[in-house]
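These are the structures in question, set out in turn.
Next come two complexes built around chain A: one with chain B, the other with chain C.
Entry: the complex of A and B
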């Protein structure tokens, strides 16, 4: 591809490639991937945005039928959409809170580096790359009525487990727990990497000055960890807002669609109700929501980092 | 007291509390995985009996026989084609691209790279319908090959970003020396850079593979039948909603499906953390 470069022997002591040629090489190397991404990523996203301003008939016929914001207004007024939006935000918020508390506690406990910490670290890492579908399947087998682990253990002791999937709040809790299980390994490992990389001097100085462990944590460690926390928040927001697999497999949006989230709502709207344009409008809103949350996390932590 | 070490001051009570906390949380983390493997090894009559037992009394591999035959084998083969194909195609495109972004910057290349990273926030459900409509006219619905294409927008940005991190740290002097010796950029990449970047290639390949291997929404949208393109997660999700779930078979399928993820996590923890932080970040 670039063999003409190889044919020109460079004089010793000169920069082998002049800037313009370097740039052309860069363009040649990156163009194939950029073209594929334009076709397989930009085009679909662009199509979804375009469709959200047209009627559903457009999706099948291909001829534009511009309807301005009608799809967005219709979706915003849809009670199922409102419920799914609230549900998604609730799951994201609950997950973020629990992940922060548990993730930080476990990372701090591992950071003490007691004997056996490595084994614990491996155990906590295990769900890291597990498919959400399998995570949901495993937790379904824990929570389910009759055959579920909790119910069978309860029966061993002559009792009965709660009906996790019949009660709205228990079903929501089940979704959050399964999601937490899938997400915690990432939180723990990244926090632990951040803790290990912390400079020791400020911590030493604070200890010598008689600061309590709680003060050291909140005044010194957490501010120093802000870039790491930003990484975690951006990643987890991107994943949590799109939550689909866990809900689909664990509760099937039940009971009575009460655990429906945005992605499952969009899927049903498109492929069960065939409201392609409405689903596209909801997708666009989901993209905006996820981007806004990620951006807010970055800006918030960047600003505070400057002040600290 | 000379508690001037790098670690917090030690106390036996604190240590005991730490161990207790870690043990309890570790058991909760481990239970679902153990339960999958334990159930997959139990003969069917043993699965639902009381009292609950972690270890099977008469372990059997029978469920694994079922899991490797019939529809399950089709799911497995489709998953392997979709994830393997996306990994190979992704690497072929991502390696030169990441090398170009890392070592041959041009006007606008930083912007392209940032945009590629930012695409991480696009939810896959937003890609599902356009792919569905396009694939319908191209005959790619219900084939694992269609999934290879549909997984590129997910796998490619991740690989480019991971590899970019590794290539950026590659010493410029080695590349300049190769250029002085008359090697072109592609020859430099293939003969000098790649052989010295095997850990990075490994992390990018494993990550790309697992992301495609674990993907669900797009596969659910674009596939219809077990013999067509349905992958393992789609198979699991359709079978679990049936009236009578054969839990032993199901858990054997889940165990097989889990193995690559568990193996990669246990073998390459360090590389994974680096890859995760790079692949996921700086958005």
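Entry: the complex of A and C
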């Protein structure tokens, strides 16, 4: 009997729990939380999937009106959905690329523990504490046509700032920049944690062998950071595909819908057009797309683990 | 030996507990209906939110109904109401309602018909336009607290310096006045074009000022028409040809900010700006009706209160709608916020109130005159979708991403698809 509980360290003066009893207690304690989680998360997801296979009347009446894949076919053929999908992928790709370059550069600079790097770590983390919609509003004032911060600075130097929201590509750039500002702190902090956890021996050995800083970065540090980068990709893909606040506040999907993304499309489909079933189908497609992108990153991680 | 909870005992206990909860909940639910408690959804930070929160205790005193306010930011308000109505949770008993939403909300069964609660005398006290803005398919689906359109705020000092007397009455005059006052860091006017509902209401106004609308009497969309071409040409000429308005995709806060900063000579804005504009402007101004090509004035919209169809306390909800729009409340609302109000008796009281300055009375009269000269938005359930389409058109044209011809052709197709459902 003693051996059954030998692996459970007991606090002095307390009686150790038996494993089965401990298991039951664990289930009893976690069940309420799991039920709440299921109700809060699984029910809306399940309802959305169910609604995507029914007509919009179902959302109003509650009575099933099964239409098979009709909503998915209708949404897939919708030119606004196609444009929003393309623009979302473009924004995600541009964001991912810039986040990788800037995030790694800043993380490496902060990792070198130069004077003031702790202060910079705090400063870089600030956007994480700001609600995306508030951040987007601040960027609206930075980019605002005619009186924004950029325009004001340009005028102080005798020039004129660009009309960010009146040009399709500049409007898209503004969305990417604002989104980058919101996302970069997460990348930096995770990369910093990854850099701190790197084993020092291979790095020191490389230095002794005369490897250049660039070689150390590309041949040793980056391969070792691959799992961390994969985690960032999984998290950021899930986040970036859902981009909403920045587009909604900065451009309102304009000009002429050219910065429309899947989330704003779904919002419009649901709450302007009252096409609840079509919106649900688009939401399901967005989840599939996000999952596929995240899965690709997970496979990247597994490949790394397999080789290790 | 500890007590063992058998499956049968567990089920029996659960059933008993469930029954107890149900029976306990029933009196609670009835108590809520009888006891009179309502939740009102309002727009956070709006004049009516502030006003009605301040006066709600008077309603409670008069009716015994307790009132809770749930103030929602402007951009989320429609979404919250739709979600509440769809869920059937009855989270709101009364909605603050933009006229734009009324036909579609009523069509979907989100709001109640309150025609029977309105006496003929009461109905007659509202202006004809006011009742039209809350009527759909023969039913009165809300009662208005504000019926307004964009009036033309104009800087009398700047116009005088340019040898002009305002306000401009035609589009030609508008262009001329804007050109003449564009100097020394001041723009003649501003054309809003950020894709979204606010700027879209301006394009609807331009359609009406050009003598038409975005749908015809039979309900057919009329986006790609001469009026549409005239509206967009007017907007582009003002910005790109006359250089009398700044380039860029601008929105309402940009216009209001420039006006309050004294950097704008002519600004078509909603009446509520008046109470803000009196202090910080640094110049003299007056208010007139927006000019037109064939007819003046901006599109008329109303805000009011609608009783939620899913309310657990429909009598109290209807009572609020009636109380909040009665002559006394509207008189106080007009007086405190210097806004035009939709009841004749309230307008008369404001006119007779010696505590209101002559300039404020003149402003309220100018807003009322502007609204009277305007035409209501089309009362169709697809109006929100048509506004979205107008937003795509004007943001595309004003950013030069799309030509006027292509934008209107595309808009017409979209509108026809929206109307076809």
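In this section, the second predicted complex is superposed on the first by the 290 of 308 C-alpha atoms of A that agree within 3 Å, B and C clash if a C-alpha of one lies under 4 Å from a C-alpha of the other, contacts with A are read in each partner's own complex, and residues count from 1 in each chain.
Here, a contact is a pair of C-beta atoms (placed from the backbone, for glycine too) under 8 Å apart; a residue touches a chain by one contact, two chains touch by 3 or more.
Quick caveat, the model's predicted, so the values are computed rather than measured.
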Checklist entry - Looking at the overlay on chain A, is there a clash between chain B and chain C, or do the two fit? => result clash
Checklist entry - Touch check for A:273: first (chain B), second (chain C), both, or neither? => result second
Item to check | Partner chain in contact with A:258 - chain B first, chain C second, else both or neither | outcome: second
Checklist entry - Who does A:248 touch here: chain B (first), chain C (second), both, or neither? => result both
Checklist entry - After superposition on the shared chain, which partner residues are touched by A:165: those of chain B (first), chain C (second), both, or neither? => result second
Item to check | Dominant contact partner of chain A by residue count, chain C or chain B | outcome: B
Next on the checklist: On the A-aligned overlay, A:145 touches which partner chain: chain B = first, chain C = second, or both, or neither?
Outcome noted: second
Next on the checklist: Running through the overlay: 76-84, 184-192 or 328-336 are the candidate stretches of chain C; which one clashes with chain B?
Outcome noted: 76-84
Checklist outcome for this item: chain B and chain C footprints on chain A meet at residues 59-60, 146-147, 248, 252, 267, 270-271, 276
Item to check | Residues on chain A engaged by chain C in the complex (per definition of touch) | outcome: 59-60, 144-147, 163, 165-168, 171, 248, 251-258, 267-268, 270-274, 276
Next on the checklist: Show me the residue ranges of chain C that touch chain A in the complex, using the header's touch definition.
Outcome noted: 75, 78-79, 82, 86, 104, 108-109, 193-196, 246-251, 254, 257-258, 384-385, 388, 391-393, 395-396, 398-402, 407, 418
Checklist entry - What residues on chain A touch chain B, complex-wise? => result 1-10, 12, 16-17, 22-30, 32-34, 36-37, 40-41, 43-45, 47-48, 51, 59-60, 102, 105-106, 109-110, 112-114, 116, 120-135, 137-142, 146-147, 149, 152-153, 155-156, 181, 184-186, 189-190, 193, 200, 203-204, 207-208, 213, 231, 234-235, 237-238, 241-242, 244-245, 248-249, 252, 263, 266-267, 270-271, 276, 279-280, 283-284, 286-287, 290-291, 294, 298
Checklist entry - Taking the complex as given, what residues does chain B use to touch chain A? => result 3-4, 6-9, 15, 18-19, 21-22, 25-26, 29-33, 35-36, 39, 47-48, 50-52, 93-94, 96-97, 99-101, 103-107, 109, 112, 116, 119-134, 149-150, 152-153, 156-157, 160, 176, 179-180, 182-187, 210, 213-214, 216-217, 220-221, 233, 236-237, 240-241, 247, 250-251, 254, 257-258, 261-262, 264-266, 269, 272-273, 276-277, 280-281, 283
